[in-house]
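Take a look at these structures.
What follows is a pair of complexes built around chain A, which joins chain B in one and chain C in the other.
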Partner chain A sequence: MTNETRKTIEVDMRGQVCPSTLLVALDNINRNQKELSSGAVKLLIRTDNRNATTTIPHTAANMGYNTEVVSRDGYYELLISHLE
Partner chain B sequence: MVTNSIMTMYVVGLLMGLVAGFLMHRSDYCMAGMFRDLFMFRQSFRLRALVLQVVLTMLAFEAFRLFNLLPLYPFPLLGAPSLAGIIGGALFGLGMVMAGGCVVGTLYKMGAGSLLSACAFSGLILGSGLYAEIHPWWTGIIKNTTFLEDYLTIPQLVGLSPTVLVLAVSGAALPLLLNWRARKLWEIGSEVRGYIQPWKTAVVLAAVGLASYLLIGMPLGITTTYAKLAAMAENLFFSEHVAGLAFFQGTPLNIVHPASQTLLTGGAGPLFDHIWMIQFPLIVGIVLGSAISALLLGEFKVYWRLPARQFTITLAGGILLGLASRMVPGCNVWHLMGGIPIFAMQSFLFLIGLLPGAWLGSLILPRLLGSTPSILKR
Partner chain C sequence: MPMDLAKFQELVARAVEDRADLLADPALNPEYKPLAALIDNLLRENQALRHDHRIAVNYIRDKINQMLEVIGTSPLKPEELDEKNLIGLDPLGIISQSFTQILEHSNLINRNLRLARDETRAIFASVGGGLLVMDNDRNILAANNHFREMFSPGADEIVGKRCYEIICGNENQPRESCCFKRMMASGRLASLPDWRFGDKHFSIVATPIRDSLGDIVKCVVLYIDITELIQIRLALDEERERLSTTLESIADGVIAIDNRGSITLMNNAAAEITGWSRAEAVDQPICSVFKVADQGDSRYHGDLLDEIIANNKSKVERLDNTLLLNRQGKWRDIYLSAAPIHQYDRSHAGTIFVFRDITREKRLDEELAKANRLDSLGIFAGGIAHDFNNLLTGILGNVSLARLKTDPDEKNRLLNETEKSTFRAKGLTQQLLTFAKGGMPVKKSVLIGELIKESVEFTLRGSGVSCDLKIADDLLPVEADEDQISQVIQNLVLNSRQAMSDQGGVIELTAGNVEIAADQEPLLAPGRYVKISITDRGSGIPKKIIDQIFDPFFTTKESGSGLGLATSYSIIRKHHGNITVESKRGKGTTFYLYLPAAREKPAAAPKTGTGVTGGSGRILIMDDEELVRKVTGSMLEHSGYDVELADAGAEAIEKYRKAAREGRPFAVVLMDLTIPNGMGGKEAVAALLAIDPAARVIAASGYSNDPVMADYRSYGFRQVIAKPYKIGELNEVVAEVIGAED
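And then the complex of A and B:
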């Protein structure tokens, strides 16, 4: 894994109806499980849904992933990656 | 007193709405989400706050009733229990999950700039207007399924003082609430700006509900005004048709408020009556309160580029919500934060319908959105 290029999958969920942010996050985690677990891929979700910033880290943690929440200009970025 | 002046009614309604809208935005106090997340993700964090709010409201209403401060008890506009309420509740549950918010959640989300909630709001008004067309038929169904016509609440039915039931229920709830506290289930770590833990919002909303009952004579409610807005819009183009609809002619509110000796009257028709004075400022307050919260946090933003199907889903959800809130009649705020705390049977029937409705919504919404993560496929 050491030489593998790190890729970030970006998903923009801003403005979308609840709970599509969490649904799409889960969908992407499921579809990229292997790459996420190996550290080859990170998942970046942009959302303005305040609740998703707590439900996504919680759900991701249960699945063994780490989520970093960063506050941006009027929205939030959630970076989901393999637990180091 | 508040109800003998139009100005004080507007001011009080607006203030209550501002407080509610501000806090709901901060805590994302979304009742549609509370029930949906329970079924969809097995998450009950925000629903716990609602349980707290209902128990606190129950205790507060009963305490003030015992001091004779709630002369209108049970409050006006409550109907006798009808099985039709279960059907209304189920449609309501489905509608709120599809709309991404209940009749109040839609308001605070729209206040923070959500275009989809604005779409659901249009649906709400459309659905409320559509109800007027089916009202005569639906009234017949309500009549045929109404039982215990002379009893509105469980205490009336069993001939017990409400105090006994309130003490029994809150006494049973106390260990549960304390257990959640011991397990640190009341608070959640959140990194959003200006987050307010939902239990705090629950406490304030219980106080706002009490204030409404004390000052205006009934707990919080807003949906008749959605029907009014529909009637007003329709009246601009089809005034004869509006005049011919029984639903828009009725005045279900017709009661003297004992504290002010004011006759409160009103209905769904296109008039600026007492229903309008009670509910419209509350609606405006919730939208504004949430907008203020979002602006202060720099989170007020309108996103335009959204999947087209989400507009269809939220509009359909809004129409269902509007229809259902007139079919019950009453919404989740009215029944869960007002009726259940006084053991209104109609409110329990609404809840009995709401649960399977929200469950159905949580089952089909991911499919409608076109995104069903395998974790949900069961």
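And then the complex of A and C:
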């Protein structure tokens, strides 16, 4: 399975005096564009900013990525991967 | 002392704080004025720079927010990002890089959309039916060429018109059956299986297209021309109707099954013959409705049916010997033919059975055969009477001469002659009995060489015709009813004899084995056969009547019944054989007779001649004919036995009982099977065995073909003896029974 060969890059933005969650998320997407587009890696973002659960998936979708949002205890997990 | 530096510093700090000119401060020492003017200037420049910086930062922030808005997210809050971080994070770099990705992704989507559009166009043009795209107000947005050819050949552009202007003819109000109307009402796909347009038939399907809000904005309507299909269906219905009428009007039963053996079709005649109604029979397994068996194996077990169904290559035809067990539990004789049903690709799809109840015809055949036997008997009677009289002359003459002779040797010679004549008379009566036998045909494996010889001799007796017999030594046994085959030989030889006009001559008869290949001879299955050829040198059969000679009642002879050849043909076909004929005008005629060789060997003939000449013990003889009682008694007394006589069953039983009581029991009882107006051997033996289960009883009969004689043990007899018998035969049988262990 391709899933097994995938690497997950984790970015924890919880509790950060966050300049802007979306910009940091986009920065991470941009920096890993090649691997994300080929499906080699997934990006896991942890954030306690509720607004980000809307803005990140929306922008990621325009860029051709799929985002799964999971609500955890006091924070959210956003798993961004290549849109198959 | 000039104004001290500390004071000046204080004035500078206040001016900065109040954003006031230092020069305007009255407390300023005039000596510091040039310095104060420089400081005031620097402060004003600093303020202007700060103002410009704020404008730049605000501009960047506005542009970032504008871009974020384009991306589709909320603007940055000032507390989210201070000026320092704003630059440090490089949001413009991040966003523009993200834009690049968004653009790439959009390009990919566009490429895919263009491909999809091209595909849709190709489908639109090449689909087998007419396609119409309309908005929700029935305005035509697009139509493919098929649609134009179907509904508006040669017309101007139809896009922009309403559908009813093209199809239904300016009809503003759609009909109830209108697919568009029904699709709009239900919000789902709507179809119309058969819609007439002129002399054409169409099937229509309307499919809705919805916008992102789920509202129907367009629809695609597909029109498929099914005119040809409808015509084929109509033709098929007509054909089916014709077939069904034909099936119902024919007298033959017809049953069709699929390749799982389930009944799919059954006509009225089949329902009548089987006793099952069509409604009950359809979908039932064939074996539960159509129970057929071979006559030789008249117990139903489905083997015959399995055999027929398994033969899915060619037609099976059973003209005779096929029985059907109807629903009422009665066996019917049927003619049966079965043929495989093939699909268009030649694969096996089932079997069709056609059958006819021939029970009546068969009975009629049997009656015909009986009539033929009587008819033939009449013809033979003259010859037989002639021969019998000759034999009686021999017997009577020799006996009367013996009376006159005193020389014992001479007397003995004359008595030997008498005995010889008697044995020839016995042979003749045996043949007569065989010939006169009725009842059901019983087939067994037999060697027919001797039977042919006897039948020929019997038929030619008293005529001036002789026979040149050539019977192969290795002649194979056949599965046959001996009496029936004998009748056939007699009929054919009689035919030849009559063809030679009783003027004398020689009939040639040959019998040998042949191997018949598939399709070599009509009506014959491939395999080994015994072939008998009977050739006469008569005048031959005219060509115009040769096809009729096997028809019942067809005869060219004044005294003929027209049954001989018909019966022979019927018998041979029942034996799965065939008769054919070849004739040359003025040269003669040959009949060829084919009988299938038997798989089993014939049963061995019973052994004879043990050479016993006498014995001792008490013997009871029961016979209604005094002459027979006396002579049999005398023969046994001569051989050393103690004999008592009885004329019927009742007396025999009484004597047996009395002898037992007196302690002088009989060792053997000899019983005649047939006693007119009295208890015969069959009942008497049962009564005797009830008294003494160990009683040893021998059956004697003048009817050598009486069924009891063939199956005597099941009636309780120990042995049988056929009348007439010589003293030697009698002694052997009696001694065997006395000597046998219980």
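One rule holds in what follows: the second predicted complex is superposed on the first by the 77 of 84 C-alpha atoms of A that agree within 3 Å, B and C clash if a C-alpha of one lies under 4 Å from a C-alpha of the other, contacts with A are read in each partner's own complex, and residues count from 1 in each chain.
Simple rule for what comes next: a contact is a pair of C-beta atoms (placed from the backbone, for glycine too) under 8 Å apart; a residue touches a chain by one contact, two chains touch by 3 or more.
All values derive from a computational prediction rather than experimental measurement.
For A:Asn51, using the defined touch cut-off, is the partner it touches chain B, chain C, both, or neither? Pick first, second, both or neither.
Both: A:Asn51 reaches chain B and chain C.
Which chain makes contact with more of the residues of chain A, chain B or else chain C?
Ranking chain B and chain C by residues of chain A touched puts B first.
Thinking of the overlay built on chain A, is A:Gly64 touched by chain B (first), by chain C (second), by both, or by neither?
After superposition on chain A, A:Gly64 lies in contact with chain C alone.
Check the residue A:Arg14 against both partner chains and state whether it touches chain B (first), chain C (second), both, or neither.
first
Touching A:Tyr75 in the superposition: chain B (first), chain C (second), both, neither?
The first partner, chain B, only.
Hey, what residues of chain A end up touching chain B and chain C alike?
Touching chain B and chain C on chain A: residues 18-20, 22-24, 26-27, 29-30, 51, 54-55, 58-59.
Which residues of chain B touch chain A in their complex?
Checking each residue of chain B against chain A gives 25, 28, 30, 32-33, 36-37, 40-41, 43, 46, 100-101, 114-116, 188-193, 195, 298-307, 310, 313-314, 365-366, 369, 371-376.
Taking the touch rule as given, give the residues of chain A at its contact with chain C in the complex, in rising order.
18-20, 22-24, 26-27, 29-30, 33, 51, 54-55, 58-59, 62-64
Quick one: which bits of chain C touch chain A in the complex? Just the residue numbers, please.
Contact set of chain C toward chain A: 68, 71-74, 76, 80-81, 85-86, 89, 91, 94-95, 97-98, 101-102, 104-106, 108.
Considering only the defined contacts, which chain A positions touch chain B in the complex?
Residues in contact with chain B: 14-20, 22-24, 26-27, 29-30, 48-51, 53-55, 58-59, 69, 71, 73-76.
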